[in-house]
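First the structure, which I've put down as structure tokens, then a few questions once you've had a look.
To keep things simple, chains are lettered A, B, C and D as they appear, and every chain counts its residues starting from 1.
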Amino acid sequence: MSELRIAVVGAGQMGADHINRITERIVGARVSVVVEPDVARGAAAAALAPGAVALTSFTEALQRDDIDAVLVATPGQFHETVLLPALAAGLPILCEKPLTQDPVSSLRVLAAEEATGKQLIQVGFMRRFDREYAQLRALIESDRTGALLALHCAHRNPTTGEGYTDSMLITDSVVHEIDVVRFLTDSPIVAVEVKRPKRNSLAPSWLNDPILVLLETESGILADVEMNVNIQFGYQVRTEAVFEKGVAEIGRTAGLTLWQDGQYGGAEHTTFKTRFADAYDAQIQRWVTATKKGEIDGPSAWDGYLVAAACEAGVRAQETGERVEVQYVPRPAFYSSGRAIPVTV
Amino acid sequence: MSELRIAVVGAGQMGADHINRITERIVGARVSVVVEPDVARGAAAAALAPGAVALTSFTEALQRDDIDAVLVATPGQFHETVLLPALAAGLPILCEKPLTQDPVSSLRVLAAEEATGKQLIQVGFMRRFDREYAQLRALIESDRTGALLALHCAHRNPTTGEGYTDSMLITDSVVHEIDVVRFLTDSPIVAVEVKRPKRNSLAPSWLNDPILVLLETESGILADVEMNVNIQFGYQVRTEAVFEKGVAEIGRTAGLTLWQDGQYGGAEHTTFKTRFADAYDAQIQRWVTATKKGEIDGPSAWDGYLVAAACEAGVRAQETGERVEVQYVPRPAFYSSGRAIPVTV
Amino acid sequence: MSELRIAVVGAGQMGADHINRITERIVGARVSVVVEPDVARGAAAAALAPGAVALTSFTEALQRDDIDAVLVATPGQFHETVLLPALAAGLPILCEKPLTQDPVSSLRVLAAEEATGKQLIQVGFMRRFDREYAQLRALIESDRTGALLALHCAHRNPTTGEGYTDSMLITDSVVHEIDVVRFLTDSPIVAVEVKRPKRNSLAPSWLNDPILVLLETESGILADVEMNVNIQFGYQVRTEAVFEKGVAEIGRTAGLTLWQDGQYGGAEHTTFKTRFADAYDAQIQRWVTATKKGEIDGPSAWDGYLVAAACEAGVRAQETGERVEVQYVPRPAFYSSGRAIPVTV
Amino acid sequence: MSELRIAVVGAGQMGADHINRITERIVGARVSVVVEPDVARGAAAAALAPGAVALTSFTEALQRDDIDAVLVATPGQFHETVLLPALAAGLPILCEKPLTQDPVSSLRVLAAEEATGKQLIQVGFMRRFDREYAQLRALIESDRTGALLALHCAHRNPTTGEGYTDSMLITDSVVHEIDVVRFLTDSPIVAVEVKRPKRNSLAPSWLNDPILVLLETESGILADVEMNVNIQFGYQVRTEAVFEKGVAEIGRTAGLTLWQDGQYGGAEHTTFKTRFADAYDAQIQRWVTATKKGEIDGPSAWDGYLVAAACEAGVRAQETGERVEVQYVPRPAFYSSGRAIPVTV
């Protein structure tokens, strides 16, 4: 299979984001079909992916032969009605969280998946793919700081929209921590309790926001979660892990920070390959995209010449210990188009 | 053009990295040809890119019809001999830094490019694509902290190999700062001076390492560059920019930090789209790759069910103010294969 | 009153610390009497304060005429027996926390104090005098980030001794947060709940450590307190304050950090008077102490000469743009005693 | 000698600061005489120190019998005229930096000191008493990160006054780094060079500000100093030390930070004695001061009672696992004066 052809079901904000992502940043896949009942929205979303068609019915989509996999991005209450026929069709599925909105319907989906004889569904708890969560998980597994005892989580959003209700604090937001606490502790959650700090007067009148949620795992770890959806200042998801011999924190501004043995600290790069990994990728991707349009999008040969001349002066300065002036030829008109330095980032 | 077919010339460390990058992370391009005189190395590198062929001669490569663009990753002394025929063939080129190793040969390349009537060469100064350099450049252009006056740069590598010589401190390493200082200041470098701190006794005996390089721009900005290639502890590239009304620093551990108006600080996320951008990309990319192999590589439907059950308990806890225990069905054998939580990152 | 003459009652670790502090760092006071039943310990403690006498009985101490005030540093169970006669004698008192170990005895102390007609007791909740707590309190009062909604506190000790019991987690340790939460919120605590994370296997077998304590204030603010007394890595007291429009944290490594308006940050100095306040104080104090012994304890006149010579060269370098070598006279034998640079800090 | 009686010569900003410091924070010393030609200024300064007299002539001061030591805080050009008679009188001296303004006059002072047969002068390079400089010096001496190779210093002031001239960039400001570089390297400075970054347009028209000063030590260490006196944003003095195996920085916001072995980090407290050292001192000092006035200045017995009641509830909550409400007696009128929580910091 040279390219995975994906049907994206649901073209709201998350669906459109995923279409864009698959088209611009994901290797080996493309969106072949967009399913969206709102015709205008479906057409706009399909336009993001060259070659994609917009349909209003998932049943119709299932009759086509250009779908290798399904990405479910509808609102949660419609997940089951997409998952069941997709499973029946034997298609691999990436389902945005939650799987479904209650455990009874989730069990129906599990039964349908089991009936296919093969695990086909992946659920979109994307935090498991975040570098800092992965670092924290690795630290927990390493036993370097002793056993994990407790987690302090904070999940903060600037504001919420009109449709956001009290129960969504749990089902739409804490849902991430519920998965992540189990991911980090490798132990299911056995009890939940919800406490109320002072209410934020800037929250919509119908919301009791923020809340403090206590999650207990079977292994005895206690996680407290501050869920806060109208905190104005920004979006912040941080976790502080309390170990027998130290404390680690992720989600601030500096990667994983560890307190241990009378010290705090974090990792420094040890190679340019990690320090500039994103820059290398961006450079090549932008060059590829520009080249297809017959353009360049980065330093030109003229930039290369200027550097060569300054390097030559630099080596002479190094050898002589003197200040060396750099000599340049005049800039040819051929290289004078546009700005001296292209805006590359 | 559906996919840009790239000939990578030179299959050393950088060439192999680029082949890997184009194959696994770059959308809309693939490596069609690898040119490398060392047959074994060329074959190994070509094996990284499905469908790529390995050749020993660039001349031979130019006779094929499956090359849309050229990526030059040979040692710098061979750049000109690749660039000139590639230009003659009218091919777009991404040339690893430096363009060439001296200004005279660079001028020959410029003349050859101008003769094609079109700018075809982009030089691989990848730092211009780094997020923090871009933020610093934007800050400089914004005039928010007044004019830029000086730059303090440090470029630190843990160790160097056998072939690394004194002049390479300039031509292989400071070369990056030479481009970046001009990128940041939008002004060419007019003079260079090299000073000697105490020599690092851990450096190879033939190296005068570290050095302090002073770069003066036409606009009067003075940049000092600590170039240090045997500092053991890690790889670090930091720049401190001194403005009329403040100071900004990049390359530490926390993104751009700005000192202004009696405060220091930096940017916090304001949306999950930036905070978890990489996690979303990684999730989809890994799902695509796994799906093509008939696997899943992330949270399963069983994980989805566990979360649904805990959320239901959470909403009840929220409504009642009580501690609510979570009830789960036993784990079906169908979902028991492998670890409870797949290693996803 | 030129000097406040203090009787320190109790010469254990805290008592001895206070004797030392009053003698070496507190202006306008001295320890005149040390009361301690253990004769050897009392004598050792009194030896820390020139002129102090050691007694075994507080009753005896009260008959002397060289006591202006009392500092109570006995174990908590003896506070009341010291406080009542000290109040009866009309003496001002600084009482280490807690006032007493239960509210009934505290009320007896209050009644005795009221009977004197004057507030004589100050309780040793020293965190109120910590700079960062004061900054946080000022931020709360400023309303700059909206109302305070919740507090996340962590109080971590490396290890505990033999006599430390489960209830002391509250009465000896959380006691600080109980005062501080009220100090910060200006509202009394109306309810308490204690939760159990996983037990630290490195804690003594009789301790359920750590605990998570939930404190509710009359004003509706919820404070969660991680109390943790065997966490090995160090001593850390941090508080994160959650506001309507932002978050602030104290007790890490960089003073108060504030997240607001899409930024995080903190205060930078704006004058040498704050940046080097402690250094100036230390310099003068050490000079005073050394001078009394006929010594100097800092840079000498020779150091001053070396700087004058280098400055002269510096001004010439500034005027000429040249590298200027500094000329020194040979070091006189008079200045050669000791190390070239005295160990001053 | 119970109290060192100090004559402060010069009652400008620094002199007045020192008078205040000695009076309020220095143990075992008091200001007995203030010498200041400006009568009003001298009287105002003397009023800061109970018992101090203001004189206009240092000669007159030297005839008194209440002077044990001299603190010289006049402008630098008058230092010699104070130092010589003070030395002749055999008095210990703390002389604000610089010793004198040129090496020839410094040598005259050295000769006069040697003639007394005893080192009497300490020069006020107070940075040697700063905790972070001391930490950096200790790191350098420890050889933990290999030999020191280079120093990058920045000395930034927000603005300068009218009388500040170009040469004062060296003699008044870089003078500190000149001493500190020698203090850190234990090696005299053998050459100086001054470079010019772009001029700050916000500096007074007569100033070439900032400058970059290169200091070479006899031991081969190169220190670059950014001297910057109109940078508006704040006051910042930072030093980055480059070692053979790592880098350390002081003067930012988080104490000494060290990069070594692929990690960055710093020290965490390991005891409350360091974490709250300043708070303990402040508490006792404020209590002493208030007690002398018949007041209290901190938590009262009522505060102590509130804590005792909440602790009792806390222990019950700990024992029962239940939420426990706290019961308080009504606040007696006796404790209702003033605010519920005194402003203590």
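The criterion applied here is as follows: contacts are C-beta pairs under 8 Å (C-beta built on N, C-alpha and C of every residue); 3 or more make two chains touch, one makes a residue touch a chain.
Just so it is clear, the structure is predicted and the values come from calculations on it, not from any experiment.
> Is the number of contacting C-beta pairs greater for A-C or for A-B?
Answer by contact count: A-B.
> Relative to subunit B, which chain has the most distant C-alpha mean position?
Farthest by centroid: C.
> Which integer distance in Å separates the CA centroid of subunit A from that of subunit D?
48
> Calculate how many whole Å lie between the centre of subunit A and the centre of subunit B, each centre taken as the average of the chain's C-alpha atoms.
Spacing between the chain centres: roughly 20 Å.
> How far is the middle of subunit A from the middle of subunit C, if each middle is the mean of its Cα atoms, in Å?
Whole-Å distance between the two chain centres: 44.
> Where in subunit B do residues touch at least two different other chains?
214, 233-234, 236, 253, 259, 262-264, 266, 268, 270
> Please give the residue numbers of subunit A that touch subunit D in the complex, ascending.
259, 262-268, 270
> Give every residue of subunit C touching subunit A within the complex, in rising order.
Per the stated touch rule, the residues are 145-150, 152, 154, 156, 195-202, 210, 212, 214, 219-222, 224, 226, 228, 230-234, 236, 240, 242-247, 252-253, 259-264.
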